[in-house]
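Letters A, B and C mark the chains in the order given here, with residues in each chain numbered from 1 onward.
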Amino acid sequence: MKPDELVRGVEATLFAAEEPMTAEQLSAHLGGADVREALVELAQHYSERGIRLVERGKRWQFQTAPDMAHLLRREKEQVRRLSRAATEVLAIVAYHEPVSRAEIEAIRGVQTSSGTLDVLMEAGWVRVAGRREVPGRPVIYATTPEFLSHFGLESRKDLPGLDELKAAGLLDPVDDAYEAMTSLDDDDSEAADEPFEETEDGDDAVLENHEESA
Amino acid sequence: MTEDGLMLGVEVDSVNDEWEGPGAAPSVDEALYLELDGWEGPLDLLLDLARRQKVDLREISILALVDQYIAYIERAEALKLEIAADYLVMAAWLAYLKSALLLPKEEQEDPSPEELALRLQLRLQRLGAMREAAARLMARDRVGRDVFLRGAPEGLRVDRVNAWQCDWYQLVSTYGQMKARNEPVVHMVRERPVMTLDSALDRVSAMLGVTLDWMELRSFLPQHSDPRLRRSALASSFVAALELARLGRAEIRQQESFGPLHLRRLAS
Amino acid sequence: MKPDELVRGVEATLFAAEEPMTAEQLSAHLGGADVREALVELAQHYSERGIRLVERGKRWQFQTAPDMAHLLRREKEQVRRLSRAATEVLAIVAYHEPVSRAEIEAIRGVQTSSGTLDVLMEAGWVRVAGRREVPGRPVIYATTPEFLSHFGLESRKDLPGLDELKAAGLLDPVDDAYEAMTSLDDDDSEAADEPFEETEDGDDAVLENHEESA
């Protein structure tokens, strides 16, 4: 059964493309045709082959099937090894984005060297996503489509365990979590409006003293 | 709150698969590496110690954790290992927390040691969650390690082609203008009555010799003549006046801009 | 029907390969398996798709189907107006053909950059019509049938004569209205050593902004 011309066109175009392409880019390349059905059909066709057609952050690309890794890996290990710090920072950016450096450091309890974020930005996985409109206007960071593509995620919703972490409140700041846990039996909740900052009075300042006034 | 094994779902060892740091010990207590470089700060060390309690982070014993941490730091000190200030500050704070937790209730300060302990626990949970998330992220099928993109894509190219436009009117009018521009041009000058500079010089010097008074330039011009000749004579006489002034035989004055020019012989 | 593991392995390997591979190389890569049947099966599978598996000098590779080539190299048409200088040269060729470059320059009174004639030949309006049998054998130029059809002429005889141009006021020395209308200000001062001058600045000023897909 020969696939129709549009399917063949989408197949050839994505196959030849050097970068993943969005449905819109494909459509523009193919004279404005509606490519969505063709993409679905192709993804279906390739679902059991040695090659897959996958969607990563709204962009489509061909790649080898994951179970072929053992055949291909032995020749080329192209993936850079991330330091432990970079790995953690990447996860924090991905699960909390957009996130400032101070917020990253609040979670890790340690200063983040600028080199760590640089490595992630150089890899094309993290980008500056503007500034937060709070005093000091800190730079905030977010992940890129290349991040999704590299880690095989269709969208951020596919981040492993994201829903569980959300449900457990583990993506909320400590103050919010503390507030939530104690609001029932604690009336004077003065700390609620001072994220990360109620510690100036000394006692648990030790926990915060790694933050950088970025 | 979920009660699933998320917190413990990934063992420390598998977490460490991604990095070479000596953060985790091969076996429990005793074999703890006494290398503080292996931890990303005191919170990270605390988290590692908490994990060794083998319970959900929500149920760890803070008092036990404090003891473990302080014991660890003391042991490092005994071995004369260099310990970063962060770790010592944390040890001091934990010691304070422990004593506060053990104090009778009525002498509690604000924030209460219970609150501090709970906040510490919450922080550990969050760091633990991110550490596991990082491990799960790194374990995904990664491009270039588990899945591969096309090795030699042809690439998509868009070539630009010029579609030149020009119309009939433009073509012929351009030709016409070019022909006109490049035709040899002949200038015809009709014969006109003129006064030459030489005759103007003779005439002006002669007339200057008559008097020592200032005379207006116009009075040197031939009266009642052709207006075209007068124009020529005016120009020639002006130049003649300049020439005489240059030779030191006359002086020129003008009272105001565009006012009449006056001429006078210079006594020699 | 899921292809067997060897077929999938060959498929994934050739897909990820940076260079075409021989059957022997493939076999070595896949643990010594006999890949010939797999190659035949794959070539068969892809024979009607947008991608082909082809053998070139004993080496196998995927490539896009030949009839999909137009998708890989698309042409975009850019409408550009002829510069004043090019229009002059075109008019001279049209009125005086066949004409050499020296003759064009004698009529224009300025040097003519080779880029100008190139543009006219790219437009398909002027062609090389041989060489004049005089010392130096200069190349001579003439118009093409496309020239006639673009300008709506039956033949060159339809070009208005000098008398008609004069009657239409087109032989007036400088037509300021025309200058203003076209805002072409190339002042006949093309230097011979700046062949692209006229297409680099003069043209762009009047470049029409719309592009059309070919």
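The rule we apply is simple: a contact is a pair of C-beta atoms (placed from the backbone, for glycine too) under 8 Å apart; a residue touches a chain by one contact, two chains touch by 3 or more.
Quick caveat, the model's predicted, so the values are computed rather than measured.
Enquirer: With centres defined from CA atoms, tell me which chain sits nearest the overall protein centre.
Expert: B
Enquirer: So which chain is the furthest away from chain C, centre to centre on CA atoms?
Expert: A
Enquirer: Measuring from the mean C-alpha position of chain A to the mean C-alpha position of chain B, what distance in angstrom results?
Expert: Spacing between the chain centres: roughly 28 Å.
Enquirer: Just curious, how far off is chain C from chain B if you go by their C-alpha centres, in Å?
Expert: Chain centres of chain B and chain C, defined by C-alpha means, are spaced 38 Å apart.
Enquirer: For chain A versus chain C, what separation do you get between their C-alpha means, in angstrom?
Expert: The separation of the two C-alpha centroids amounts to 44 Å.
Enquirer: What parts of chain B, by residue number, touch at least two of the other chains?
Expert: 148-150, 154-156 - these are the residues of chain B that touch more than one other chain.
Enquirer: Where does chain C touch two or more other chains at once, residue-wise?
Expert: Where chain C meets two or more other chains at a single residue, that happens at 12, 15-16, 62, 64, 71-72, 74.
Enquirer: Which part of chain A faces chain B closely enough to touch in the complex?
Expert: 13, 15-18, 29, 52, 61-66, 68-69, 72-73, 76-79, 81-85, 87-88, 90-92, 94-95, 107-110, 149-153, 159-161, 164-165, 167-171, 174, 177-178, 181-182, 191, 203-204, 206-207, 209-210
Enquirer: Under the definition above, what is the set of chain A residues touching chain C in their complex?
Expert: Residue positions touching the partner: 2-3, 7-13, 15-16, 29-31, 48-51, 62, 64-65, 68, 71-72, 75.
Enquirer: Quick check: in the complex, which residue numbers of chain B touch chain C?
Expert: It comes out as residues 148-152, 154-168, 170-182.
Enquirer: In their shared complex, at which residues does chain B touch chain A?
Expert: Against chain A, chain B makes touches at 1-2, 4, 6, 9, 18-19, 21, 23, 40-44, 86, 89-90, 92-93, 96, 109, 111, 115-116, 118-120, 122-123, 125-127, 129-138, 140-150, 153-156.
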